[in-house]
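These are the structures, in structure tokens.
There are two complexes below, and they share subunit A, which is joined by subunit B in the first and by subunit C in the second.
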Partner chain A sequence: MGGQPREDGHPVQGVAGRLTGGVPFREALARASLLVPLCVVYALLLVWPLALLARTSLEGGLAAYGDVVRTPLFRPVMVNTLVISAVTTAIAVVLGYLCAAAIWRAPAGLRPLAVALVLLPFWTAVLVKNFAWAALLQDNGVFNTLLRKLGAPGHPALLHNRFAVIVGMVHYVLPYAVLPIFATMSSLDARLERAAASLGASRAAAIWFVIVPLTLPGVYAATLLVFIICTGFFITPVILGGPRDMMAANLVDLYARQLVDFRAASALAVMIIVGVSLLVSVYQWLPKEGQFGRL
Partner chain B sequence: MTENQMHVALQVLRGRMSRRELLRQAALLGISAPAALALVERPRAAEAAGKVVNLAGYGGVSNDAIRTAWAEPFEKLTGIHVNLGANASLALAKLQAQSGNPQWDIVGLDGSEMPTAVKQGLLERIDTHKVDMSKVPFYLKTPYGFKYSVYLFTKAYDQRKIPDANAPQTWKDFWDTGRYPMKRSVYQNVADGSILEAALMADGVPVSQVYPLDVERALKSLDRLGKRNIIWHSANQQPIQQLTSGEVALATAFSGRVIVARRDGAKLQYTLDQDVASGSYFPVIKGAPNKEAALAFLNFVATNDVGAATYMSLLTYATGNAAAVRLVPPEVADQLPTSPKLKGKILYKDENWWADNLEKTVIRFKEWQAA
Partner chain C sequence: MGVFDEALAASLRRPPRAAGRRWWPFSPAGTLLFAACVPIFVFLMLPTLVVVPMAFTPKPLLEFPPSGISLRPFRDLFHDSAWMSAGAVSLKAACLAVAIATVVSTMAAMALHSAKFAGKGLLQSVILVPIVAPLIVLALADYEFLLRFHLTGTWTGIGLSHSVLAAPYVFITVQASLAGLDPALVRSARSLGAGSLSVFRHVYVPVLRPGLAAGMLLAFIASFDETVIALFQQGPQATTLPVKMFTDIQYELSPKIAAVAALLVGVATLVFSVQAAALVGRRSARWGGRPAAGSPE
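Moving on, here comes the complex of A and B:
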């Protein structure tokens, strides 16, 4: 910015003006004071517990961090967390994109129904969804019974493995993929596609060269959001997975509940929080501007 | 209230004296029967009104039995309400003790957790003037409490798929994938359950030589059973559900859960040989706000014969008040983990070994599971 006039025409008001976004200092202070209750709530309910967690993890210096990193479970669990999260994210974003596109292009009458179908699982408790999948996938569950009735030889093991974990997780995170992508799509100007067609683009070309690039910000946002949520999964690997699908949160649980080593549990939690915070900062820096202004 | 009257009242409250005995003594002291009852019940109840003991147990049928056998009669007698919760664990006990203001006065802990809780200073020592442990045999008590429950880690099976004649009598049978070509549900908490002990016995180790555990040999034995033949469970009611729903035909389970399921009509059964006996305590958490009420409850559990007999009959679990066995039907008494008839047939879990080796064994087991 420097000494240039701003886009909205307000004159630039020196250093203080720059910090407060062009608003006089006193008024900025008054505005900021409105944030005080929020800051107090955050400090009490978020910052304070996190500080306690960090303090617990640092009892005895960095020893707890060393112990956690050296345990033979650390590497496989971290690899599991990254692989399961990445696969889930990839599937959820592809499905989410198709789903968002379907809602976007649905006739006006069907749209509320389509949105409701996305939101219904969004509002269903994760345990309910997990146990529903367990009932469907178990050896004498709905799918395998159906296969047997159809005369299929043997029955595939569908439950207590990575497949079941990913199915359960995709089900949970799908709305988080659909909503940002749908938001980007619905802010697109419908005339763009017609313009592309008038310039000779086929329908496929219009989608590939016009629509998809313009919806990429939504895709990036969905990808990061879903991945961040995936890294924190706890109960789905417990209910639908086997021991080989242990994720980071399950290792924290093992330390806290079975080994009652709160230092190690805190150290691991701090590492996870730092890792996820880095991703969240990237998410914050993602361009939120679509072609036609803010979403 | 004279000292004599007080003595009578306290005796009743501590469960040392039956109501009939109270009335006899009251007559000797020249108190009418209603007055005597009022003496022990109404004033105490009024004084105790609003008094409560918060006890975290394991939930489910385990809590049901505690409620019927002890909590309800105790409340009737003293007016102190026992508020029963679930999800007791060493972690809960630690959080409670560290908070400085525990919400739970008593947190149920199993034998393998108890030494750690003592070592970390999470528990109150039991004042033996307030809790009379004279009926509890020495091997069921510590300075921090006594075992209110002794149970069996057993081999449960679905009678619809496995006839009793073909039931797994030993862990070697349980391991026999030729004889039972189906999945087994196994408890994955190795300290609370006893699958490593079972694995060693399946490998031919006699009951008397299981400890100290050879963890690597146990894991090799589990490898022979094969991970693909195992479904892991983590909650005590899970194997019962999996057996009744037909998901598995064989499972490890705690014996009382099988017995309650049978009472409800499930076609399940278990066998006794090589079962592993372990137990749980009701320790009082350091700084418990209702410590006196908690101790009064523990005293009731340790001394009240009817309560103890009810508990044993409900679950076929033994309890600290061993003297009450005489009130239990013989067919139940013979199956209690403490029955002399089971000596040499079953294994008593070595909780001190577990306390000393908990962390490295659990981590090693999880590593094996994840490999």
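Moving on, here comes the complex of A and C:
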């Protein structure tokens, strides 16, 4: 059986042709050799370190895992991680949906500006944002000064608590929520709404029964992406949070850099990888564009 | 990443309904939506709007709004050897990371260009893994790894660790720009007697240039802004700018940090402009021509 015919009309015969998609074997080999540097770098700087991490965590069997799970810090830290991530995700997706809709509906002249307002913070370094929020929220910071000028009695503690962490995190992840939702919206057929109207739907009904369901794939993707990003936060809880806002990444840091217990730190890191991989694999199950029939 | 370029591209397309010729182009519901979004956009821009003015304060303490305009924080910053050496470490590490990432990712993207084989999709998602991998895990793994080679506490170690982090960005942008290259062109060049090097120079390089520039910039930012890996590997000779910011912010919020932050906002603005310019350029290059495969237009 011949392989796929090439554009010049000579089919490459046999197994080699089938493996290389119709490209002559020597050319395929030359091309594959271009992959070698990347494979070497990834093997050396990604696979090896991660393998080392897994091995460290398994020194002395599963003891390190048991120790980590049994420490009194483990439960509150995991609960913190899940609660803070869930609250942040919920707020970010709602705000992100509104932003995406506004960008989608904005007149042509305003659209690039609106996207710029989302992308500029996206490219700004985490520490710049954290510094700004700390300066805004600290006791003699911008907000409290403003409140005092407006004559508010006393000054509420805005920094080093869960409120500040969630404000900082929502700000960080908001672009990650806006962009997938906006991408889904802008791929919608503009005639859908007119079709709904011609079938007698009011504008509100067209939006609620046609547009919103069709944007749900983007909402699911944004929710998952934002939640995954949230669970990995490290800098923001340290700078904006208090001692009771420790998250999973901070616990790894505590074990590794303060307690110098690399077995425990590695065990915790392996648990984080497994958790994140599970979340990423959920992505496969999400309805994608083109699977609208179910809705 | 792909989704962001897509969003930016979509924002440049015409909106679904042309705005009417009324004096106020929005429906009541639209007006409500925009009104609701104004505070959200202000929230998004707030840190930038606050940081930049604070960097120009004439006082030795942080204040907002500033009582005047001066370059004093910047002068203090440039005379502070600790901050300057942190900047140098960051630059050196980022350059190493960009160099490695650019070479390996460009070659890989060329290898996969128009190739069809089982497992290509899997390979591509493996290349993108560093983008989604939790930084704390990479930080710990890289630390344990580099400890064996006595490379912790050096900018080389930080650069090496960052190279894997930066590689996917170059890969994505280079792959996107290669999508417009017809593989038949490479074959014709070869059949006309061009060697590998001259095929690369005359066929690939002109196509690659915009994607390569954008990818290298993204890779640079990925390394330059990275904090967690650099924090684990910090030493007296290897404290990067973000790590110094991280430790200093916990100690005191000073105008010097505001000055660094303002400079980083400048970098972010530059990156965003380059991204937008590249996209607008790609659009106009396609203008009148056949849109590349997979193009939404």
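What we mean here is this: the second predicted complex is superposed on the first by the 245 of 295 C-alpha atoms of A that agree within 3 Å, B and C clash if a C-alpha of one lies under 4 Å from a C-alpha of the other, contacts with A are read in each partner's own complex, and residues count from 1 in each chain.
The rule we apply is simple: a contact is a pair of C-beta atoms (placed from the backbone, for glycine too) under 8 Å apart; a residue touches a chain by one contact, two chains touch by 3 or more.
Keep in mind the model is a prediction, meaning the values are calculated, not measured.
Chemist: For the overlay on subunit A, clash or fit between subunit B and subunit C?
Modeler: Aligned on subunit A, subunit C clashes with subunit B.
Chemist: Could you look at A:246 and tell me whether it touches subunit B, subunit C, both or neither (first, second, both, neither)?
Modeler: A:246 contacts subunit B only, not subunit C.
Chemist: Does the superposition put A:257 against subunit B (first), subunit C (second), both, or neither?
Modeler: both
Chemist: Scan A:280 for contacts with subunit B and subunit C and give back first, second, both or neither.
Modeler: Second partner only.
Chemist: Of subunit B and subunit C, which one touches more residues of subunit A?
Modeler: Of subunit B and subunit C, C contacts more residues of subunit A.
Chemist: Does the superposition put A:87 against subunit B (first), subunit C (second), both, or neither?
Modeler: Neither subunit B nor subunit C is touched by A:87.
Chemist: Tell me the contact category for A:58 with respect to subunit B and subunit C: first, second, both or neither.
Modeler: neither
Chemist: Identify the partner contact of A:71: answer first if only subunit B is touched, second if only subunit C is, both if each is, neither if none is.
Modeler: First partner only.
Chemist: Based on the superposed arrangement, let me know which partner A:125 touches: subunit B (first), subunit C (second), both, or neither?
Modeler: A:125 contacts subunit C only, not subunit B.
Chemist: Check whether A:103 is in contact with subunit B, with subunit C, with both or with neither, and answer first, second, both or neither.
Modeler: In the superposition, A:103 contacts subunit C only.
Chemist: Is A:238 touching the first partner subunit B, the second partner subunit C, both, or neither of them?
Modeler: In the superposition, A:238 contacts both subunit B and subunit C.
Chemist: Can you list the residues of subunit A that meet both subunit B and subunit C?
Modeler: Subunit A residues touching both partners: 138, 238, 256-257, 262.
Chemist: Show which residues of subunit A lie in contact with subunit B when the two form their complex.
Modeler: Residues in contact with subunit B: 71-73, 76-77, 138-140, 157, 160, 238, 242-244, 246, 254, 256-262.
Chemist: Once bound in the complex, which stretches of subunit C touch subunit A?
Modeler: By the definition above, subunit C touches subunit A via 3-4, 6-8, 10-17, 19, 25-27, 29-30, 33-34, 36-37, 40-41, 43-48, 50-51, 54, 62, 64, 100, 103-105, 107-108, 110-112, 115-118, 126-127, 129-130, 132-138, 140-145, 148, 160-161, 163-164, 167, 184, 187, 196, 221, 224-225, 227-228, 232, 242, 245-246, 249-250, 253, 257-258, 261, 264-265, 267-269, 271-272, 275-276, 296.
Chemist: What part of subunit B is in contact with subunit A in the complex they form?
Modeler: 89-91, 94, 116, 120, 183, 188-189, 191, 228, 231-232, 234, 245-247, 358-359, 362-363, 366-367, 369-371
Chemist: Under the touch definition given earlier, write down the residues of subunit A that touch subunit C in their complex.
Modeler: 7-8, 19-23, 28, 30-35, 37-38, 40-42, 45-46, 48-50, 52-53, 56, 95, 98-99, 101-108, 111-112, 114-136, 138, 141-142, 145, 171, 174-175, 178-180, 182-183, 186-188, 190, 193, 203-204, 207, 228, 231-232, 234-235, 238-239, 248-249, 252-253, 256-257, 262, 265-266, 269, 272-273, 276, 280
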